[in-house]
Structures are given as structure tokens and as C-alpha cells.
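Below, chain A partners chain B and then partners chain C, in two separate complexes.
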Partner chain A sequence: MMHQRGFIQRLVRCVAESPAAFAAIGAFMGLLSLPDLSMAADSGGGAGAVAYRDVPVIGSRNLVWVIAQLHLLLAGFVLGVPIFAWLCEVVGWKSGEKRYDKLAKEFTKLLSSAYSTTALFGGILLFLLIGAYPKLMAYLSDIFFPSFMVYCALFLLETATLYMYWYGWDAMSEGRSKVFHLFLGFMLNVFAFFIMIIPNSWATFQASPVVIAEGSDMARAWAATWNPTWWPVNIHRLIANVVLGGYICGAYAGIRYLSARGPEEREHYDWMGYVGNFIGVFGLLPLPFAGYWLMREIYQYNQQMGITLMGGFLSWLFILQAMLIGVLFLGSNYYFWLGITHRIPGSELKYRRPMLAMLIILLLCLGVWMTPHSLVASLEEARKMGGTHHPLLGVFGVMSAKMTVSNLMILVTFMSFIMYWRAGKEDTATWAKLAKAVMGGVLVIAGLVVVVLGVWGYFVPAIVRINYFSTSQVLIVIFVMLTITPLTALLLKSAKTTTEMVWGKMPPRAGYSLVLNAIMVILLMTLMGYARSSSRVHWHVYGVMRDSSQYAFSPALGYAAALMAANTFFFCMIVAFIFWVATMGDKAKGGKDGHGKDEMGHGALPAMAGGSPTLDKQS
Partner chain B sequence: MSEVVKLQLIGLSVIGTGIIILLFIQSKFLRVIGFVAIVLGLFSLVALAVPQMASLPPAEESIDIASIKTPADMASIGQKIFFSKGQCALCHSIGPSESARCPDLKGIGAKLSREFIFESLTQPQAYIYLDYRHEGLPKEYPARMPYINKNPIGLSKNEILSVIAFLQQMSGEPISVNPSELEMPGAAPVAPVKAAQSETVTVAQAH
Partner chain C sequence: MGGSLLKPAILIGIVYVILKFVVPNIPGSAPLPSSLIFLYLMLTTTGIVIFATLSGESKDAFWNPIQRFMTGENIGGLQALRYAVLIVFPLLVGWQTYGSTATSDAPPAENRTIHPAPPGEYTGLSNPVAKTPENIMQGKGFYAAFCSPCHGGKFDGKGPAARGFNPPPANFSDPTTIAMLQESYLFWRIKKGGVGLPIEGMPWKSAMPRWEVELPDEWIWKIILGEYDGAHQSPRTWE
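For the complex of A and B:
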């Protein structure tokens, strides 16, 4: 029985680590599904010109929705993780701290399995799209065929680089070969970036198509690629992928922390959770700016599409979005505050009042952000409110207020991080007082200016607010970050540590808060995917190719949310499976060596990337 | 039982399952799954508590030439084509717009003859307008005008005439296109309105 189990484990690992094997399975499954697809062909234009095929029971749209969502989430993870794995490796190389290098390696280990799973879902999605939407796919293939070729070439390069990066980690760990290994990691991210932006061009063309004039295939593909929302989506997704990767690794660390059996494991996964949360927050801070730019481009491209999103039948969606982002901000801050309280003994009393003030500001901001404005209301509801805007709350529902509170929430979160960074340290620099006064002044003035601009925004034309006031608010917040971060770093360089950071002392709720943050990010991605798709309303390609299938309608939010929740759950299970597969070998190795997890000495655990400097020395 | 009620019941049962797991199961991994189930169930319930509005597509309309009796009928169909199949509104605005990537078409039906408009649609490189909306030398608009009568847009002659009728009507001009010019399906094609006489590219010099 044990032998059989070993065979299954080897088989699973072999398949999981080989994109080719997964692609073959994907192709096989796709072929199996074709007869089903052909069961319900809907010929849109006579024999030989099938426009749509349906899938029994679940429906083609739902099936494509689930598979596409899982593929996108996995892709986000696969593209986000190498960014911070590489950054961790660079930090480890520059600082000489081995734990960062080990952490980077641990993240990269997940990549090979996750990469092939992503490819598998991509293959299934492609078969489904070809089968269920042949007319649309023929249209898109006609325009984008050259970019399909580039995409395939990039995949080959990415796969080869990933193999060299992962399998060459130990062989290229010193001297010049380490520099080459870092270069491989850099190239891995370069290829990954282009792998992301090419499909983005297909999807953004569907939402914001441009007219394609006569020309060569390449010229036509390039014209369609360079559509108005392409770069805003590229930037938004790049940052979001880092956020997703960070929070998922944080959640993984949180689960491992909860189930840790020894102090070393607890210390390690506590530290890993901190790194994951930090990376997530690091990406989260600029994300609303990228989202704002995207929305602005959508409004500029087609005002009707913008109105459909913000004020039409999707208006409630943005209230849900505000709720999820609010919980995410609260969860991230809460984790920082728990860290201050439990990892730095003696700090809880010192920082209790600032934390309470931050909590109140965050809750007030969240309340404003969640205030509905111009919702689609029934006649009766509109009569009760005295118009489409609520007489009392309507004033908080406008964009000026929402932009202001989102900037304030970013400022508060940033200050939470700074507070955590400074906790347990005493400044020794002679200019420390001056620096602190400057930082305090910058923060207070910036907060006031953000609020003043927000209030002033009510009294100027929308175009002035959008082009100047909102942009100024964003620039002010960025200025605060760029001023306070280096100043703090300089101050801490000469600071005296009064209280050593103690890892592994966080309460269990810290682990759950990391899981909660990851779930919020995944839900946000599924929610905004639905928004982006629904903003096209009944068009496959907005204003160009109409969706004339039975699924041309956009479902109501409740139905969509149920599917989003299901997708989130499936994704979590897949990621858990990937983590299990990726760590299976280590556990087996540990068992074969005669060391159970409990028996391992300090630094001997495969995942022992952190904990304390002592552990570095021992490993 | 409505779909919303069914989904609410599913959401509640997911939350209930999560609570039971948290209360009675010790395995950490399963407890995390229970916690995730509660979060997802709550999210679904909140989404189900807001007004449920689906976006239904408008009925698809096809052009029935037999039903076209007056030039105004043609203009009405032309308006629909302008904003849908013709893809004109992807680049052109009707009235000043900062985001328009091509010339503003407000009043175009009064400024240009129907022959010139037809030529602009079917021979777009014959005469190119430049963008004068800024200081300095005029420059080309960012989007290049495609051949409207060829793929991928591929408007038929009937559709192009209808668009011309719409452009004239919205410019306050009498519609010079007549339903009798429409080609009936199966009938022999009549001579085109006026094809471009030359392929020479001319650049507009006048403001």
C-alpha cells in the first residue's frame, strides 16, 4: 500500500512539474469535450458557419467563466511570485542574509507546479473558446494571429528560463554563477511581463476596440494591440499580480503557522507571513492609482461604458468592491498592529492610541467609500430619497469624497507600516528630532491638503477635479511615501534596538487575518473581472461584434457573486494542492532521513528560511 | 422558489457548514477551509442583499428594405449602423470631444456632398483631413480611416447610403438619398453613387 502511495505521489509530482505533460492532458481533455460541445450547436448563419455551441447542464458561458477565472488567477499568481522571489534573492545576495535566498527558493519551488497548472487551464480555456465561440475566435485570430506566434515563442523562452532558474539554483549559488542566476531571474520576469501583456491586448481590444485599417498582418495586429485601455490594464494587472502573489504566500505562511508543531516552524512561518503581507501591502498602496487611471481611460474612450460601470446596473458592484478593499486595508493594518503588539514586547502600550486613531480613521473612510451615489433606483425608492441621490449621504457618494478617503486610507496604511518599522528602536542620530518634525509636518500637511482638495472638488467642474485635483491628491500621497520612507531608513540606520523582535509569538488570529486578506484579493479580482466583462454589455467586441448567443445578457450581481465565491474556493483548493505537491518531496525526504518534523534540529527544516539570524548561522 | 432565495439558502448552508467545522473539527487545515467558507458565504449573501439587476441585450434588428418608405426611415437605420456595425462612433464624435481620435462629424452632412461622403467611406485615402485642434502645424489624426465597404466592417451599399442619410439628417440638411436607390436582394446592382476618380492622396490645406 505504501509502495502504491509512493507511485501515485511520484506520478503526481512528475505531471505537476512538467508543463508538457499537463498540456497533453489539457489537449486530451479538450478533445474529449468536443463531442459534448457539438451537441448543441447554434448556427448563426447557415450550414458551416456555426457561431456558438453550448455545453449541456452548466452552459458554455458558465464553464468558460470558471475556467477563464481559474486560469487568470493562477496566471496572476505565477507572474506575481517570480517578481518578489527575484527581489528576495537580490536582497539575500546584496545583504548576505541566507534566509532571503532560501525564501526566494521556496517561492520558486511553487512555480514549477503552478506554472504547469496554469498552462493546463490555459489549454482547456482555448479548447472551450474555440468550441463554444468559433465565430468570435475566428475574428480575433484574423486580427491577432501574429501576436499568437509571439506568445508561443515567449512561452518557450519562459519555460526554458524557469527550468534553468529553478534547477540551477544550487549549482549557481556562488560568485559569478550567482550573478548569472540573478540575470536568469530577471529574464524570467521580463518574459513573464510580455506573456501577460499579449493576452491583455486581446482582452482590452474586446473592451476598447480601435478601427483597423488595411495593412500587413503585423500592422493590423499592432494597431489592435495598441488600444486605449491596453497600458492601463497592463500596469494595473502587473501591480495586482504582485499583490495576489504576496497575499497568497502570506496565507500559505498563515496556515503553516497555525499548524506549526515546533517553535522553529512557528518562527519561520511567522516571518514568512510578515514578508508576504509586506509585499501585498507594498503593491496594494499604488494599486488604487492604477485603477483610477484605468477608469479614466475607460471614460475617455467611451463615456457610456464608464457610466454603465459606475452609475448603471453595475453601480452596486462598486459598493461591494469598496467593502472588499476596506476589509483588505483593515486586515493588512490589523496584521501590522498585531505584529507591533506581539512581536515587539513593550510596544503595545506605546502604540495603543495611534492604533485606535488609525482604526477610527479607516472605519470612517470605509463608511464614506461604501456610500452609494447615483444608483439605479426604482421610482418608489427615488421618491423616498427625494431624487436619485440620498439627501444626507449623497454628498459622500461622489467621486471627490471617494478619492479623498481612498488616499487617506493609503496614508494610514503607510503610516502603520512606518510605525511597525520604527517600533522597538531608539533614534541616536543628532538630527533625529528635526527629521521627525519634518516627517510629522509632511504627513499632517499632506493629509490636510488631500482633504481640502477633496472638499474643493465639490465646487469645480468635473474635468478640473479629474485632471487636476484627483491627480494632485495622488501625487501628494506618493510624495509622502517618497519623503518619509528614505528619511525613516536613514534614521533607523543609526538607531539603537531597544527591544529585539520576537518571531513566532503571534496569536492564531494573525494566521486567519492573513488568510482573510488573500481571500479578499482573490474575490476582488473575480469581482473586477466580472465588471470588466459586463461593461461590454451585449458585445463580444464592444460596438463591433455583437453577442447574439443565448448568454448575451449580463447576470445579476447575486448570481455572479455565487460563481465568484465558487471560483475563489476552487482556486484556493488548487493552490493548496500545488503547495502540497511542491512540499511533498521535502516531507518524504525528511521521513526517509529518519527525522520527523518534530525531530528536526534548528535550521534543518526545508522551509527554514527565517526566524532569526541565529538560524542563518546554524544552517 | 426564486433563484435569489435558492442562492441565499446555499450561502447560508455554506456559512453553517463553516461554523460547524470551526466548532467541532480540530484539524487546522479543515478549520481554515471552514473559515474561508464563512467568508465566501457572507460575501455571497451581501451580494444577494443588494438590488438584483441583470443587463438584458436589446432586440436585434435587421434591415428590412421593403419596410423603408421614406428618407427618414433610411436615416433612422443609418443612425443604428453609425453606432453599431459601422463602428463610426469608435473614432468620430458628433460634437466637440477631447477623446475623439478622428474629425468631429457634427454638421458634416451640410458641409460635404453625398458623393464626397460616399468617397470618404469607400476611398478613405483619397482626401485626408488633418487635425487643426491645436497650436502649430496640423497633424494627422491618430486613427486611420478604414475602407468601410471592405472587411472587417464591410457595410453594403444600402447601409452606406443609410449612414449618409443619417449624417445629412443630423446636420439639418434635406436628405438627398432616396429609398428607390436601395438595391433589392436579388436585383441587378445599379451604378455606384460615385467612385473616386483618382487614387492620388490629397492633403487638406484649408482650415
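For the complex of A and C:
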């Protein structure tokens, strides 16, 4: 095994160092894409001008689909990570705790290694689009040329900033230069934000176009940019990127944890996994609200598109979505709970009951969320129900129920975190009893009000439900978070720690659950990517430019699901490769410290090979 | 085998019994399709596994008996049971696979999309008829004449002619039908009926008539007013 790995590493290094080898690989890749030369061209109506070109075997649409999805996932990661890498750095700087700085640097390492691949896929996507959809691209360029220019400029700035941020980390680690480094990190995020929202304007324009005939180029571009779904998508993506980044960093830590040899590494990656999961959950909590707002805007913009998504053939996607989000919620809570029972010795019995209660609530909510409005039933079953719509459980199928349970699940997950935060500590403040009573009261009342509003929602006009009830539910949940978080923080300030948290004692399944969570998020993004672009049905630009290619049809769900799975797989492989290359150096260094295997006993085996933290030598 | 395995097994059994025999017997209920029962049982099982593996001890209590049963030595009479499991389990999987792929005379499961997207030319319409008591009355009159045989005098989808139609006539007092839709959507559905359903609306065997032949547009708009009023619902709007 070792031997083989060494060989591949040498090969990669050799390729990276020798231009000749690089060229050879390039030529090989070129050969692979030879079939492109025989691409079929199709002039869809335009006088002589080519409207579409096809790619043999896989088809241009599928190829664009795969490349666009990979680009988007990479981009989500690259734009999400700097947000919390920078926050981590700030925390480290303010608190003086070196480990936060180290963690921020590790995040940035992953970021900078993924950055160029992201740009590469962006480039491939652009070439493909120009090649396969010339008419559409001409139309879009005509409208968006000004923002293309801004985009390029931003890209230059972002790249320069990232180089300085990453390569200057150690050089700018003290005093005033650290402040400058933090400033760089801040600017990195500013540029990243604009880099995200500009392409969003192109994509949202396709779904909800605003076309004005008069005015200057700038005015036209601006009107098209500020289309009805632009900001909802911006917000939704911003949050989702943080979630994606957090969970992927968590998965990275999970895998490093599973393969860690020795207590120190184990402790570090256990902690990093915890931070990654925390960031993911933190982003996950507001995400349903953002999604709901986006759906609302779409529906309001165009009833047809709204119904295609929520009641029409795409509505099945939301059942899949519920399943994936469900697993994600369960997985994240599971990780919190594992953390309580393993990192805080002796806490198991105390927290078993609350955990069981939370688990049951989560599962009940999930049951409601996953129950579709129209059910999959055989003819006989449907006949017994009098339709594909269960007379009793059918009520779970509509938005009022879904919104209610998603709010409850968010509340439960939030409480999991609070419980984790408080575990192993004992309140000393005189007002602790009162505070706890207030928190308990707030929580119970909030939960009840959310449920009552949810049930009541069935008996009021849709607009009242959407504008008042659903928003109140969201506000209530936010209110709970905003009261309980500071109260807990205050309580904990004076609390004394009864049991210290020990890191590096998590069982292997914790590491695997981190990986599972990351995969769920990736699947979710591929799923919703399909939903977003399929909701345009046979339009390139909704209601303005029709898709007249042979691929104008909406792919069937099973077919789409296969592509989503493939995209998820490709993305995981790419990320695994990038991280592996990026951390090759660490491992080589770690190896040189050179304790032999036998000195370290069983603890030196990676967890996935049967090693276990309990076998670490106590030293 | 340990009690920590018995409890989960009993729990799954109870949930199954409730879903299969108790829920369908609640008044106004109906048997659950097997896809739904499967879903809920999966959730229960997931919950059991999660709870059992929370701590090292509980995981061992849950997992060790299974492991010992499958791989342990000196388990006495259980040895025979182990072989039985090892033989029967693959057979069950095979049977299940066969059953789900073999050709049969049962029609395929239907996943009808109840509310497919309307054609673009209908989406922007608003009701041109004023919402006055007279118009509502008139609409209800038309409804009684044309629609109530199927959709019911009480707007509950239980008209005298309703039985036997699959899919059944829509129940307008159910908050999941017209209350979720805009008036323009109803206008389209009433005008074009079951035959006017788009591709997603398959299997296209709705008995809903295509009223554009019989009724002038104005009547349809009035019926819509009467329908919402009679069913105590209001249409989806954005203001």
C-alpha cells in the first residue's frame, strides 16, 4: 500500500515539475476530446447563423449540465469558505487563541487549492456554452456585456487578494501587518460576494427576465440584472455556500480524523470536524426561510413557473429534498449528541432523555415533511383512498404543514446546540433558576404557537397564511434564538465547568456521519440546481427566447436523478483529489517526525483500520 | 438475544400495526399505500439505530448480540438459527427483487400530478366579474345546475354522480384544492376540463368536462365566485 502511494505521489510531483510531462498530459486530454471535432451543428431557424451545436454520445445539454454543476459546486465551496475562514481568523486574533488562527489557515489552504480548479471549470463551461448555444450566448452577451467586464475585473482582484492572503499568512502574522492581513481577508469576501451575485443575475434573468427595449446599454443591463428573483437567489446562495463550505470542511476533518495516527492529530481534527459541523448547522437554520422567500417570489413572478415547481412535475423533487434535508438534520443532530456523550465523560445518562425527546420530535416532523400531497399508490390502493390523496394524511402534503415542521426542526436543532454548549457546566448565578425557567417557557410557548399557526393556516386565505402566518412562525423561531443565545452566554459566563471537554475521543461513526452530511448537501445542491433550471421548461430565457434545440424537453426524474448522483460523485472525487494533493506536504512532514509504527501501539492505527482513541497511549 | 434488540423489534411491530390497522379505521380515513408505510417504518428504524448508537455502551448493547449471533462461537442451539437466517435472508431479498421486477397484470402505480402548470395564456387573467351578492348568487345557481352532480351540493366532491370516477371530483372545501389556486387557474381548468390537461397531468382520464363548449366565459367567472363563496375558501392572491 505505502509503496503504491509513494509512486503516485512521485508521479504527480514529477508531472508538476516537468513541462514535458505536463505537455504530454495535455496532449492526451486533447485526444480524449477529439470527438468534438466532428460536432454536429444545427442552425435552429436563424438565417445561416448556427443556433446549436451538439456533442456526440453524451449530448451537449448533458455535458453543459455536468460541467455547470461541478463549476457551481466548486464555486459554492470557494465562496463559502472565505466567510468563515476569515471569521475564524478574527476570533483567533481577538481571543489570542492560536488554534483558531491555525484552523483559519487550514481552511484557506483548502480554499486556495480549490480556487484554480473552480476557475478552470468556469472556463470550460464558458467554452461549452459559446460552442453549444451560440444564439443564446449572443443574446445574453448583448444584454450583459457591461457586467461581463465588471466580472473579469473582480476576478483579477479576487485572485490577487487570495494570493496575498494565503501566501502572506505567516509573513503578516504579527501586530499591524496582521491587521492588514485581516483587511485582506475582508476584501476577499467583498470581492467574492460580487463574484457570486453577478453570474446570479445572468441565471436569474433567464428565469425571470426583465427586458427593456429603450435606454442605453448600461440601463438595459441594469434592468436585466435587477430582476425579481435576483436578490432571493443571492441570499439563498450566500447562505447555502456557507453550509456547503462548512460541511465539506467537516467531511475533510472527518476523514483526517478517521485516518489520524496519534492523539494530537486526532484532537485537532475532532475539533475541526466540530467547527465544520457547527458552521454547516448554523447556515442550515436560516436556509429554509430563504428558500421559502425565493419560492414565493418565483410564484408571484409567474404562476406557471410556481406551479411547475410546487404542484407540477417538479413537485416530486421537493419530496426528495425533504428526504435529503431530513437526513442532514438527523446527521447534524446525531453528531452533536455523539459529541455530548463522548467528549463530556459521564454525561451520557443525564442527557439520554432529552436526546430521545428531540429525536422523536425530529422523526415526527420528518414524517410529516416527507409525506407527499399526492401519494405513490397502486391502482387498488388509490381506489381505496378515493384518489392519490389520503383523506387524513393528505393534509400533511401542503405548505402550511411543511413550514410548521421545518420550523420545529430548526428549533430542535438549535436546542441540541444549546444543550451541547451547556453540557458539563454548572450554573452558579443566583438568577440561574429564573433564567432557565424563562428559557424553558419561551421555548415551549414558541413551539406551541408555531403549531397553532400551522393548523390555523389551513383555515385562512392563502395570502394571509403566506404573508402573516408563515412569517410569524419564522419570526418566532428567530426570536427564540435571539433570546436564548445571549441568556445562555450570560449564564455560562459565571458557570463553573464540572467536566472538561476532551477532544479526540469520538468514535469512528462520528467521522462517517460528517462525510454523510457533506454528501447530503452536495446531493441537495445538485437536486435544486436541476429544479432551478428545469423550472424554465422549454425556454432559454423564460417567455422571451425559446429553446428550439433537440434538448428542449425536460428530462425525466429518474434520468435527472442519475445525473445528479453522477455529478455528486464527480465532485467528491475532484475535491478528494484536490485535498489529497494539497495536504501531501503535511503528511510527508508528519512522516519525517518518524515514530515507528510499533512504538505507538494500537492507537497509531487510523480509526478506519480498527484503531481507536481508547487505545491511545495515555501520556 | 439481549433485551436491547427486543424493544426495537416490538416498537417497529407496534408502529406497523398502528399504520396498517389503526389509522385506516379512524372515521373518514382510508388504508395507507404501502409506499407510505414503508417510509414511516424506515424513519422508525433510523431513529432506533441513531438512539442505540449514541454512546459506546448503548452501541455495544445493541450491536454485540447481533455480532455474536452472526459470528460468535459456542452459541449452542442458536447455531441452527444462524444458518436459517443466512439462508432465508438472501432468499427473501431475491423474492423481493423478483416480485418488484417480474411482469404482472397490475397496472403501474400512478403518480398523478394533481395541479399541473397552466398554459401561459391563462396565467395573467383576473376575474372580470364584480364580486357582488347577485353575481355570487347567480354563480351558485349555475354551479347547482352544472357542477353539483359531481362536485356535490355542499362543495365537498360528493355529488350523486361522483362515485365511480377515478380520479374523484375535486373536493372544494378541502384546503388543498381551490384554496391554493388562483382564479385564473380555475378558469383554465373549468374551460378545458380533463381533456385539456397537459402532459404532466397524465394519465389523462379525468372525468372533468370541458365546459368551454357549453358555458360562456362570463358564466364560468361567475361560477368561480360562487364556488369560492360556497366552499368558504378564498383564492390565492398576492396582495
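Some notes on this structure:
We adopt the following convention: the second predicted complex is superposed on the first by the 533 of 619 C-alpha atoms of A that agree within 3 Å, B and C clash if a C-alpha of one lies under 4 Å from a C-alpha of the other, contacts with A are read in each partner's own complex, and residues count from 1 in each chain.
Please note the rule applied: a residue touches a chain if its C-beta (ideal position, glycine included) is under 8 Å from a C-beta of that chain, and two chains touch if they have at least 3 such contacts.
On a predicted model such as this, the values are computed, not experimentally measured, just so you know.
Of the two partner chains, neither chain B nor chain C is touched by A:I58. Contacts of A:W316 after superposition: both chain B and chain C are touched. With both structures placed on the common chain, the touch criterion links A:G367 to chain C but leaves chain B unconnected. Of the two partner chains placed by superposition, A:M218 touches none, neither chain B nor chain C.
When both complexes are overlaid on chain A, the residue A:I519 reaches chain B alone and has no touch with chain C.
Contacts of A:Q300 after superposition on the shared chain: both chain B and chain C are touched. Residue contacts after overlaying the shared chain place A:A556 against chain B, while chain C stays out of touching range. In the superposition on chain A, A:G543 contacts both chain B and chain C.
Touch criterion met: A:L356 reaches chain C, while chain B stays clear of it.
Common to the chain B and chain C contact sets on chain A are residues 300, 308, 312-313, 316, 375-376, 543. The touching residues of chain A, when paired with chain B in their complex, are 139, 142-143, 209-214, 223, 255, 258-259, 300-301, 308, 312-313, 316, 319-320, 323-324, 375-376, 512, 515-516, 519, 523, 534, 537-538, 543-544, 546-548, 552-562, 564-565, 568-569, 572, 576. Against chain C, in their complex, chain A makes its touches with residues 300, 302-305, 307-308, 311-313, 315-316, 330, 334, 337-338, 341-342, 348, 352, 355-356, 359-360, 363, 366-367, 370-371, 373-395, 397-398, 400, 458-459, 461-463, 507, 509, 543.
Residue ranges of chain B in contact with chain A, taken from their complex: 3-4, 7, 10-11, 14, 28-29, 31-32, 35-37, 39-41, 43-44, 46-48, 50-58, 60, 83-84, 87, 89-91, 98-99, 101, 124, 143-147, 150, 152-153.
Remark: chain C residues 23, 26, 28-36, 39-40, 43-44, 46-47, 50-51, 53-57, 59, 106-107, 109-120, 123, 166-168, 174-176, 179-180, 182, 184-185, 200, 233-239 touch chain A in the complex.
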